[in-house]
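Order as written gives the chain letters A, B and C; numbering starts at 1 within each chain.
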Amino acid sequence: MVLEMKGIKKSFGQLEVLRDISLQVSPGEVISIIGPSGSGKSTLLRCATFLERIDAGEISYLDVPAVTTNAQGTAEYVGNAELRKMKQNFGLVFQQFNLFPHYSVMKNITDAPLHVQKRSREEVFAEAEEILKKMDLTKRADAYPCQLSGGQQQRVAIARALALKPSILFFDEPTSALDPELTGEVLKVIRQLAEEKMTMVVVTHEMPFAKAVSNRVIFMDGGVIVEQGTPEQVFENPQQERTKQFLRNYQQ
Amino acid sequence: MNMKKTLCLVFALVMTLSLSACGGGSTTGGSASSSDAGNAKYVFLEEDLGVETYAIGFRLGDEELAKTVSGAVKALVLNGKFDEIAAKYPDIKDYLCLKAEDIDQSDIPAQGSGDSNYTFKHGFDLSYPPYSYLKEDGTVGGFDVEVCQAACEYLGWKYEAVPLNWEAKDMELNAGSCDCIWSGFTKEGREDKYTWGITYSNNTQGILVAADSGIKTLADLSGKVVGVQIDTSAAEMLEDSQADLAKTFSELKTYETYTVAYNDLKAGAIDAIAIDMTSGAYLIADES
Amino acid sequence: MSWATMLTTMGEGMLRTSAIFFLTVLFSMPLGMIVMLLRRSRFSVVRWIMKIYIAVMRGTPLMLQLLAWYFGPYYLFGMSIRGYRFTAIIIGFTMNYAAYFAEIYRGGIEAIPNGQYEAADVLGYNKVQTFFKIILPQVIKTILPAITNEVITLVKDTSLAFALAYNEMFALAKQIAASQTSFTPYVVAGVFYFIANYLVAFIMERIEKAFDYYQ
């Protein structure tokens, strides 16, 4: 398993956002998570990437545990140094891109491999050029984020995540902040990564995209996984009433 | 580009202003000849506000030091040094009250009897001409400074000039930054706050007006604007013994320095200045 | 008094004024950084102490603070304050300006979107790297205009050193003006302050330009 999450619980004060969620991701799998806003799908990603601390449950990457539950039933994280090492297993693409505005495109992509992973300059730059080519951004290597369109910025953000060679890539509503005409170029890149068998978990509102690209679709509501299966099962033949209702509302 | 142009303009303006101000300040000959000769432009009213005496103020309880320094000043009067210095300051000469024939001969230390390692710290206001001020050549000078230096020389002490921020003079004295306040320092109203050394000047406080203003008596000041420098004897008198007079003014304006008040008088922004006669004479010297 | 003597005399004052200015900038900017970090400390006691410190520094006149720093040691502990005058001035200015700088830094830090921290965290940067590589350069860009304002104020505030009878340029201007019954020294002082502030604004503008390559 690339990622294994078991019995995840997370509350913000009185509000229970995740109630006992489990998720396994195998190598090469592309999973789409859909659901109404407030269903907890973004929080699930933020917990998986350690941006939020879970209250109870277990998280492990490549079968190495990062969070375990102790006898009292509360989550226990590994030490900070180990946790930072764990973060090299995954990449996260934000809804708002979160590029570093004072770094050029090239520096955004190469800085972490150089100064966090401490890899050699030649290797890092050669790879970065490769990735930029794949993202169709070769010509913008020296540009600054403010000079790019939203779609280009999001592709740089994907390139930045890929440059660390993660085993799994998370996307948190990667096209929600984009103008409709720009979503296509970002979805195209994700589709291309799927074809290359990149393991990915995508939180999205783009139903046609989820249907076309994923191996598995998860429908979340009220902090639980209501239903999951192949795109055909979930979209064509949903079993749960809430899923049907959500898809019906969505089509209208 | 725009910024540069503005800068040039402002700079030129400032330079013009400074040159004209310089002309007004230093070319005394020119301005005097243009005014009617013989008649001063600014005069003191014949009535005065009262007399104040200048003495040397020491920290309360420093009797010994006060006696020694006063004795040294007496010695300077007796050996003629005091008058020699006074001769350089014609504006204040008439108000000095130490005459060789009146000096009582007690408590006069012998010449060179002081500890040659001792440094006497003379505290004074550096903007109080002619008693203590920054001289033409940029050094510290004035009547009080010269007398104090001479007294130290007589005793064999080292002299140290300690210019004070006048508002903080008491804090400086009590904290030991200086050993005395000696700078046209008025005794009246402060009798209990210091241990006083020798009184060397009786200075009269007066009212300075433009000669053509029509103000002839203190009563004429009713409804007029009068300027005074903060913390001076004239200011204190107008709050205290002459408070009733001050009430008749339309306004009593307090200035940080007499220079600004004088410029206001020249410009007609105020009608009169309350000031001690010696400082006032010094102030209008450039106009007569 | 000739122009030459006046300018030489005031020139000495300008050197003293410049000494106050440069030493204050040198000490208060890093101290402000420390104050800001303590102000954002995890410990509420430390936060409160810094809050009170900043409130006092900003809420009382600088002239009063200078008097307190200079005379305080004598009146509180009976210590000799001989030769301590200039040190007291630098301490007074530094402590006061550090409080203002700390608040400017804090404003700059708080203006950085949380997403920048999260992106750095996910990419594996540690705390020190995140602060110095990602956050600080962006903070500097945002706070530069406020820093310029503060530095220009400092140039003019140097004249408050006269509260401790330190003969900086403006005090000398006052004294020459008194002995010469002339406004000229004030005009010279004005020109000096203007040129000094023009230089500050010019240099800061250059620095701001250097950060102009992104928005």
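Basically, contacts are C-beta pairs under 8 Å (C-beta built on N, C-alpha and C of every residue); 3 or more make two chains touch, one makes a residue touch a chain.
All of these numbers come straight from a predicted model, not from anything done at the bench.
K.L.:
Going by average Cα coordinates, which chain is farthest removed from chain A?
P.N.:
Relative to chain A, the chain with the farthest C-alpha centre is B.
K.L.:
Which chain is most central here if centres come from C-alpha coordinates alone?
P.N.:
Answer for the innermost chain: C.
K.L.:
Ranking chain pairs by how many C-beta pairs touch, which one is first?
P.N.:
Result: the chain pair B-C has the most contacts.
K.L.:
What is the distance, in whole Å, between the centres of chain A and chain B, each centre taken as the mean of its C-alpha atoms?
P.N.:
A distance of 81 Å separates the two centres.
K.L.:
If you average the Cα atoms of chain B and of chain C to get two centres, how far apart are those centres in Å?
P.N.:
One centre to the other, that is 35 Å.
K.L.:
Counting only Cα atoms for the centres, state how far chain A is from chain C in Å.
P.N.:
46
K.L.:
Considering the complex alone, what residue numbers of chain C touch chain A?
P.N.:
Touching chain A from chain C are residues 113, 115-116, 118-119, 121-126, 129, 133-134, 137-138, 141, 213-215.
K.L.:
Quick check: in the complex, which residue numbers of chain A touch chain C?
P.N.:
So the residues of chain A touching chain C come out as 49-51, 84, 87-88, 90-92, 94, 96, 98-102, 111-112, 115-117, 144-146, 160, 164.
K.L.:
For the complex, give me every residue of chain B touching chain C.
P.N.:
Where chain B meets chain C, its residues are 7, 10-11, 14-15, 17-18, 21-22, 24-26, 126-129, 133-138, 162-165, 167-168, 171-172, 174-177, 256-259, 262-263, 282-283, 285-286.
K.L.:
In their complex, what parts of chain C are in touch with chain B?
P.N.:
Its residues touching chain B are 1-3, 5-6, 8-9, 67, 71, 74-75, 80-82, 85, 162-165, 167, 171-172, 174-184, 187-188, 190-191, 194, 198.
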